[in-house]
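Below you'll find the structure, written out as structure tokens, and then a few comments.
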Amino acid sequence: MKPLRLHPDRLFPAETRTRDIARALYATVSDLPIISPHGHTDPAWFAYNEPFANPSDLLIVPDHYVFRMLMSQGVALDQLGIPTVDGSPTESDPRAIWSRFAAHYHLFAGTPSRMWLDYVFTQVFGLDVRLEPATAALYYDTIDAALKTPDFRPRALFERFNIEAIATTEGPLDPLLHHKAIRESGWGVKVVTAYRPDPVMDPDDPRFIEKVKAFCAMTGEDVGSFAGYLRAHEKRRADFRAAGATSTDHGHPTAFTAHLSRPEIEALYAKVMEGPVSAAEAELFRGHMLVEMARMSIEDGMVMQLHPGVWRSHNDAVLARFGRDKGGDIPMPGEFVRALKPLLDLYGNDPRLTLILFTLDEDVYARELAPLAGHYPALKLGPPWWFHDSPEGMRRFRENVTETAGFYNTVGFNDDTRAFLSIPARHDVARRMDCGFLARLVAEHRLEEDEAFELAHALSYGLAKQAYRL
Amino acid sequence: MKPLRLHPDRLFPAETRTRDIARALYATVSDLPIISPHGHTDPAWFAYNEPFANPSDLLIVPDHYVFRMLMSQGVALDQLGIPTVDGSPTESDPRAIWSRFAAHYHLFAGTPSRMWLDYVFTQVFGLDVRLEPATAALYYDTIDAALKTPDFRPRALFERFNIEAIATTEGPLDPLLHHKAIRESGWGVKVVTAYRPDPVMDPDDPRFIEKVKAFCAMTGEDVGSFAGYLRAHEKRRADFRAAGATSTDHGHPTAFTAHLSRPEIEALYAKVMEGPVSAAEAELFRGHMLVEMARMSIEDGMVMQLHPGVWRSHNDAVLARFGRDKGGDIPMPGEFVRALKPLLDLYGNDPRLTLILFTLDEDVYARELAPLAGHYPALKLGPPWWFHDSPEGMRRFRENVTETAGFYNTVGFNDDTRAFLSIPARHDVARRMDCGFLARLVAEHRLEEDEAFELAHALSYGLAKQAYRL
Amino acid sequence: MKPLRLHPDRLFPAETRTRDIARALYATVSDLPIISPHGHTDPAWFAYNEPFANPSDLLIVPDHYVFRMLMSQGVALDQLGIPTVDGSPTESDPRAIWSRFAAHYHLFAGTPSRMWLDYVFTQVFGLDVRLEPATAALYYDTIDAALKTPDFRPRALFERFNIEAIATTEGPLDPLLHHKAIRESGWGVKVVTAYRPDPVMDPDDPRFIEKVKAFCAMTGEDVGSFAGYLRAHEKRRADFRAAGATSTDHGHPTAFTAHLSRPEIEALYAKVMEGPVSAAEAELFRGHMLVEMARMSIEDGMVMQLHPGVWRSHNDAVLARFGRDKGGDIPMPGEFVRALKPLLDLYGNDPRLTLILFTLDEDVYARELAPLAGHYPALKLGPPWWFHDSPEGMRRFRENVTETAGFYNTVGFNDDTRAFLSIPARHDVARRMDCGFLARLVAEHRLEEDEAFELAHALSYGLAKQAYRL
């Protein structure tokens, strides 16, 4: 068996002087509480504090980073116990699933998943040998036994992880009962929601009309008028704020925005509520609604997040059998300069608005996003996202945006994950990479050391708290 | 107060062997005279040698790198004394402006502006403490006092900066009186102009027709015929050459070129001179005129520069209140392969033509620009421009273009600035980054040391002089 | 005269610890046999083992990397002896050609050509002084003398280069006689062909119809029916497999694929066989045929390679006088996500298919290719290609794809060259760069050392052999 240990210098540049500076910087931020302002953990975990089922259900079945890589190398999703849309059975033995994972663990060499998982194995479960076929059973038994103990229930882990604040993401029809249960339990930690209205803003959703009807019904608003629909948003935003939300999130296909006249948007609303519309009309509706969301954000103070540019569920066969979010989402080219202009023309200079932009197209970091964020008061840049939430991705982000947008137009780190156990690992990677980047600037005499210490704190903690008003 | 000093190893790679090589290379080029073949200094400074007004008017108000960053973090342009289009008043107290700048100086951490400014503060004004609120008054007083002395007048600074040759940029209607005054003053330094005919080549300019009329009038040519319009260009090019110009500069929205037949362009000229034309017709006119400019360059020997791909004045509110060039310009994707083909089909193989290409879209460095410049005799690559005139930008440029285009298809450094005092700082950054890049190649045994010394000289001095025929 | 020697640490990172790891890794792979699964050497060399003519005909005239750079700096192709389309004479003195090359050898500083050439000069010909005008004659004489000896005939070099397997590329009309001659000679080394059917799949080829007719004629199939045309492909694929082929190669303008119904493709086939079709129809035919090729690959086990995205022969004047492949090919933006969907919908989840993707647009590495290859079982990523077959290109490839696709969705190195003598140099560069990349991961504690040794072997040898089924 091979030893498994996390090296204290991991992710720091190898060059001695730079590494020493990185170490010193990291020492001041490694134990800071975690601010997790954008993610997808399940609030039910924290509300009811039930134990996690077993190692495979916790670490493999819900983690699309993991099973997409296994699938790419010929392990069928059926063999990994991924549930099917029609309920037809797939592998049901979690030990068999874990074995297959262990047999292919070498595939993750050099990937962030590998780093996150090794962190979880060592830091959360105390394992000290590497995962491979020979240790698969040891792993399974160790993790499974731990999960049955009180120390590995969600709230205990949450406290152990030193999370100061975490945001989940809920849809506009969510009754927010889990968040209510958390508050009423008197647990006293900061778990807040975020308002993600995509399902009632996207006419391309096959169940859009039905959802908008339910949305207006649950708020007691008139679905027959655009004014009623807008009031439904306002009411639900208020509900979300009452559940602690400080932000909205928008996962549109593109960053397109539009500002229609009142008669135009009323007519378009009537049309999208009647039935199928063209792709252009659906885009126009989404684009106009982003502008409405910006207006409401100015009014109610919620920070706005835009996550555009993904081709969801590219693999038809996987979508048909296993549903959405199964590792088949592929990035698309981004465009922000033209797309955001209507919104920016109205609100870009308004310091009350904070619009945080994310992209999966790294080409726009230096060309579009940094120049925009380095000019418009309302714009900030979210951290490297999804495929780019990785050491090289983080390095490219800082190298590409800092010189034009500086550090203070960025907003710290988001883990953006439903993999609860990986949250400390992800924040640790971000803190290490940021310290490494700052260390390089210091070692190259492009930044003074005292500034680097201030920035390390800001990037690890302060900027996220401030930008998200947490 | 925190000490401010420029570290002698700044911008060199931290790794010891590489840094030592970089130091040795830099030592041979640090004191070379500055060749500044493309920029936007005001020739009136050198013609009349008046003192600069005060620290804020010199270093903040005209520097869009500076005030765009401040604006992005909520400092209104009004508070920074930026003059308005309608003359309505903004902050008029230069000390108050300077204070606001000092209070936000931390925003520039990690940006090239910070490096340039610290260079100016220490090397030009002898300051040795860092700018922060506590030192704002000291800074203001020190700089203000210096500006009142003869040593800080434009010509004294020019000589102190060791500028061997500098090009300004003038429009086609400019009478070139300042350049005349410089020549007639017998000062004996090389300040030349460059011909930038955009205003009379761009039908999208709202005052295009009026400008073309003035252009033909000032040259005594017939505005009613395309032939007359072309002759006006030829005459003005001759005027500019007489004022020392060795280059033209073209700031088009795209790199589009076109070659129309004589009847086609005559008809199009008549149309653009009649009134508003479509976007496509305006693009066609600009594109054809680039080809005419290339032809004239072959005839008169002027080097041609193309700076495409910027969305000018993206922020409507800023444009309306403060006018153009106020930090709201945003890059756009570039395309050169299709765009330049008509021009290259005619003149790309003609060694008499030098067409220097610039881009704000770094994606095209390796994909389009290096392959084109590594093939066509007429093409050369300009240095990293504007947002990319920065350490990381320079590093990416060399890493992306060198392997396909080599060093000798590039043309040294351009400061491209109206911030006169920053010129030595900018050239110093470029020399350091180039030496660092060469040092890495030597340290990795990809280049011999004697070649690196030759190249350091070429990149710092020789290539610019040669490419621009200065 | 300046000494010429290859430094044993060349291309390794300069940082001491990282370099030491790179050295250790490289020591285990430097002598591995070469697997060259994709290239353009001439099988006639190996079939008939004739001596190469002279230094210039061997190293300059056929190497578009070399003469494109010379041309870009004003050396006319005529002066380099490049043969013309119409047979009109160009420089015929190989010594004069070699002299011109030597006089401009400094242009290659920092390019991969320089590294490959120096490798050939020292390792193949034993030269120990640098090429420059003063040594041009020494070089010419040394190389010329060597070429006249048996040790420098193709087979001797092949064996000296330790090539375990090499694939050439032949068109669909090639009688494969050279490959037959190699087999029949009993030489007993692995020289295989690859099936590149572009000429009979691309209606934009001016001689397309004529070629398809010959193609059907040589296979005895009915050119009048699409079924006959498909059977001709099947027969020729079988011929190629008999000549050792394990792969097909497709050099399309884009990655576009399409799946037409049988009546639709039959009608389109009839149309393209009648005469000129629109650009869209030609694209549709090529796109559908890629899907047919994927189907056949599943049936016959041939690995499929797609090399899209090049504007061939951009320079009209060079094309007219010197023909294709003369250094005037320029990359174009790539798009794979939409383009490949029809093919992937049919066969993307089929583990029997291996489709290896190449690109000249590095923007798609992290955005499109790594996410696709990290999901679809049928997809693998080819190595950095052509302009990017270079140290920085290789570094960018690994940095951009590894975190999402891992190492095992890549396929080792391709030299893709007709420059036979450069093959060991190119593989050496790839091995060194991969070892350097792995060393960085180890030095930054992102990869364990034992894994790095395994991966170094896989990237240098194992993955190519496995992916190409050699």
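Letters A, B and C mark the chains in the order given here, with residues in each chain numbered from 1 onward.
The criterion applied here is as follows: contacts are C-beta pairs under 8 Å (C-beta built on N, C-alpha and C of every residue); 3 or more make two chains touch, one makes a residue touch a chain.
Here the structure is a predicted model, which means the values were calculated and not measured.
**Student:** Over half shared or under half: which fits the residue numbers at the contact of copies chain A and chain B, same or different?
**Tutor:** different
**Student:** Could you say what rotation angle superposes chain A on its sequence twin chain C, using C-alpha positions and rounding to the nearest 5°?
**Tutor:** Superposing the C-alpha atoms of chain A on chain C needs a rotation of 120 degrees.
**Student:** Please work out the Cα centroid separation of chain A and chain B, and write it as a whole number of Å.
**Tutor:** Roughly 40 Å separates the two chain centres.
**Student:** Listing for chain B: what residues touch at least two other chains?
**Tutor:** Touching at least two other chains: 15, 363.
**Student:** Quick one: in the complex, what on chain A touches chain C?
**Tutor:** Chain A residues touching chain C: 2, 6-7, 9-15, 68-69, 71-74, 106-112, 115, 130, 311, 314-318, 327-333, 360-363, 387-388, 390-393.
**Student:** In the complex, go through chain C and note every residue touching chain A.
**Tutor:** Listed in rising order, the residues are 15, 17-18, 337-338, 341, 344-345, 348-349, 351, 363, 366-368, 370-377, 379, 399-400, 402-409, 440-441, 443-448, 450-451, 454-455.
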